[in-house]
C-alpha cells in the first residue's frame, strides 16, 4: 500500500461516501481492480487531499462538474454524501445544484436533483428547509 | 426595468466581471438583445442572487460546470473574474479547476486553466503562489 | 403567482406534456420546489411563450438539443408529447429525431428514438406510417 | 458518382451553404477526401433529402443539436446559411437558437449566437428585427 | 437490398454483436425502420467495412468514443462483443477502457467498465486476468 | 522526482509529442505547475505506461475519446504525433478518426481531422495515401 493510496483511503473515510464507492469497487474487483486503486490513489490521494481548498469547496466544484457531465447518477449520490460529510447543509447542496441551471440547462439539473434527493431520503433529511448558509466550515 | 433585471445587474456589478460580459452583450445588441436581458434577469437576478449560498461558493459550482462543459473560454474568463470578486484567491481558483481533473479529464482542465491564466496575467496576479485557503469570505 | 409563472403554466397546459412534467415537479416538492417554479417561469413563461416562432418549430429545436445532450430520457418523453400537442405528426417527429444522426451520431439517436417510441406506444400511435409533411407556405 | 452522392450534392446546392462547406472539403482533399464524400452522400443524400419533413424544419433540429454539442462554430455558420436558404427568417433563427437556452444553457447559446451573427453580418442582415413568424397551417 | 446494406450486414455478422443490435432494431421496426437500415448501411457498410484499419483497431476507436460520450450502455455492450469477435482479449478491452480515464474522467470509465463487465459475465469471461497483449490479429 | 514521474516522462519521450505538450506545461508553470506534474505522473506514468496494450492501440482509444469530447484541438495535435511515434501510419490515423463518425457525428470528426491535418502538414506527410494497414507494431 503506497502513500498515495493510504492518503486517498483516509480522505475517502473522512468523506464517508466510501460505502457507496466501495460497492462499485467490489463489483469491478474481478474485472478492473486497478481502476478502483487508481481512483483512490489519484482522485483522492493526489487531488482531493491537496492543501489549498477545503473539502466542502472541493465538493462544490465536483457537484458542478457532475451535473454538467450528465450520466453521473452514482457519482452524484456519492458526492452528495461527501458534501454532507464535508459540512455542507442539505439546503446548500440544493442551492449548489440549482446554480448549474443557467450553465448546464434544466434537464441536467432535474436529473441531478433527483439523485441528490435519493440520498437525502435515505438519510431522513427531507423536507429540505430553505437553504441558509451555515458557518463557514474550517478550512 | 423589472425587479429581476435590476437585481441581476446589481449582482453582476458586485462580481465586477460585468465588463467582460458587457462585451458580448454589446456585440449581440443588433442580433439578440433579449438573450442578454434574459441572462441578466435569470442567471443573475433569479439564480445567482438567491440566498442560501454565498457568491464564492456559487462561483465554485459554476467553475466546475464550465470546465466540464468545454468550449467555454469566454465564460471561464468572466467567472474567474467573478470568483476573484467574490473573494476567492488565485491559488484557490487554481485548486478548484484542478479538482475537476478526475471527473472531466485533463484536456478540459488544461484548456480551462489557460483561460484562467489569461485573467490572472491581465491583472498582474502571476505567479500564483501555492494555494492556501484564506479566511472564509463573508457569506 | 407572478405573470411569468402564469404565462408558463398556460403554455405548458397548451402543450399537454404537463402531466409528465408534474410528476418530477411533485417528486422534488420536498427538495427543490423553486427549481420547478423556475422551470415554469423561465423555460415556459420567458422563452417558450415568446413570439416569433410557433410551438411546433420550438419543439423541433428542443428535440435536436435533447438528442445531442444525451441522458435526457424524461425530457425526450415530455417533449415528444409537447411536439404532438403542437401539431407535429408522429412521422414528422421520427424524421426530426433521425435528422440528428449526422450531427450527434447513432447512439444518441437510437436511445432517443426508444424514448419517443414509448410515448407513441402509450398513446396507441404505433406503427408510425411514413412521415409525410404538408406544404408549409413561406411565413 | 452514385445516386446518393448526386442527391446529396443537389440538396446541398438548394441549401446554398455549399460554399462554406466546400472550404473544409477542399482543405481535407489531401487528407481525407472520403470524409467529405460520405458527408455529402450520407448527411445530405441519405438523411437531409428524405421526405417527411421539409428543409426548414430539418434545419431547426440541426440548429438545436449544434448548439447543444458545442465546439461547432463552422457548422453553425453553414447551417445558419442553410436555414436562410430553406426560408427561415433571421428573426426566426434567432428565436430558434434562444429556444435552446433552458436545455443547453447560456454559454452554448451565447457562443452559437455569435456564430449566427457572423453570417448575418456577412449578408447585410443586421440588425435583426423582432422575429415574427407567419401562420403555418396544419400539415 | 443494396450493396452497402449487404456489406454492412456481413460486417455485423463477422462481429457477432448482431444479436444485441438486432434487439433494438426489432424494437424500432414499428417506429423508425429506416434508422436501423441506415445504421447497417452507413456505420457498417460505409465506414466499418472500409480498408485501411482492421476491425480490432476500429473497435478501440469506438470504445474510446463511447466511453467519452456517456449514456451509451447498450452500445458499449454491443461493442464489447464486437471487440471480442475482432480478436481483442478481455484484458485488452479492460486496458482500453482504462486508457480513457485521463481524457474522459473516472465517472465515464466506471460506468463504461460496468457495461463491459456485464458482457464478460454473460460469456463466462470473469475474472479477467491481467491484460497481456496477445499476438497482433491479422490486419 | 518520484518513480511515476520518471516513468511518465520516459513514456512521453518515446511518444515524442513531448515538445507540444511541453509548450502548455511551460505556459502554466507560473499558474499550475502541479497540473503538468500530475499529467506526467498519472496520464503517462500510471496509465499509458501500463502493460497489457501497446502504445499504438492506446493512441487509438485516446483518438476516439478526444474526437468525441470536442474542444480538444491541442490534445488531438499531441496525440496525432504520439500515434505516429507509436507506429501508426498517416492513413491509419485518418481511418481511425473517420471511424468515429457514426458515433460522434460529422462536426466532431471534421474539426478533429483538421487538427490531424495540421500535424501532417507540419511534418510533410501530405497527401495521405489511401490507408493501408502496415505491419502490426511491436507490442
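Going by the order they are written in, the chains are A, B, C, D, E and F; count residues from 1 in each one.
The working rule: a contact is a pair of C-beta atoms (placed from the backbone, for glycine too) under 8 Å apart; a residue touches a chain by one contact, two chains touch by 3 or more.
These numbers come from a predicted model, not from an experiment.
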Could you work out which chain's C-alpha centre is the most distant one from the centre of subunit F? C
Count the C-beta pairs in contact for B-C and for A-C, then report the pair with the higher count. A-C
CA centroids of subunit B and subunit E: separation to the nearest Å works out as 40
Euclidean distance of C-alpha centroids - subunit B vs subunit D, Å: 31
Can you check how far apart subunit E and subunit F are, centre to centre, with Cα atoms defining each centre and the answer in Å? 22
When you check subunit B against every other chain, which residues touch at least two of them? 34, 38-39, 42-43, 47, 50, 66, 69-71, 75, 94, 97-98, 101-107
Residues of subunit D touching subunit A in the complex: 101-107
Show me the residue ranges of subunit D that touch subunit B in the complex, using the header's touch definition. 70-71, 94, 97-98, 101, 105-111, 113-114, 116-117, 120, 126-128
Sort out for me which residues of subunit E touch subunit F in the complex. 39, 42-43, 47-48, 50-54, 57-58, 60-69, 75, 91-92, 94-104, 130-133, 136, 139
Quick check: in the complex, which residue numbers of subunit C touch subunit B? 34, 38, 41-42, 46-47, 50
State the interface residues of subunit A toward subunit E in the complex, per the touch definition above. 24, 27-28, 30-32, 34-35, 38-39, 43, 66, 69-72, 74-75
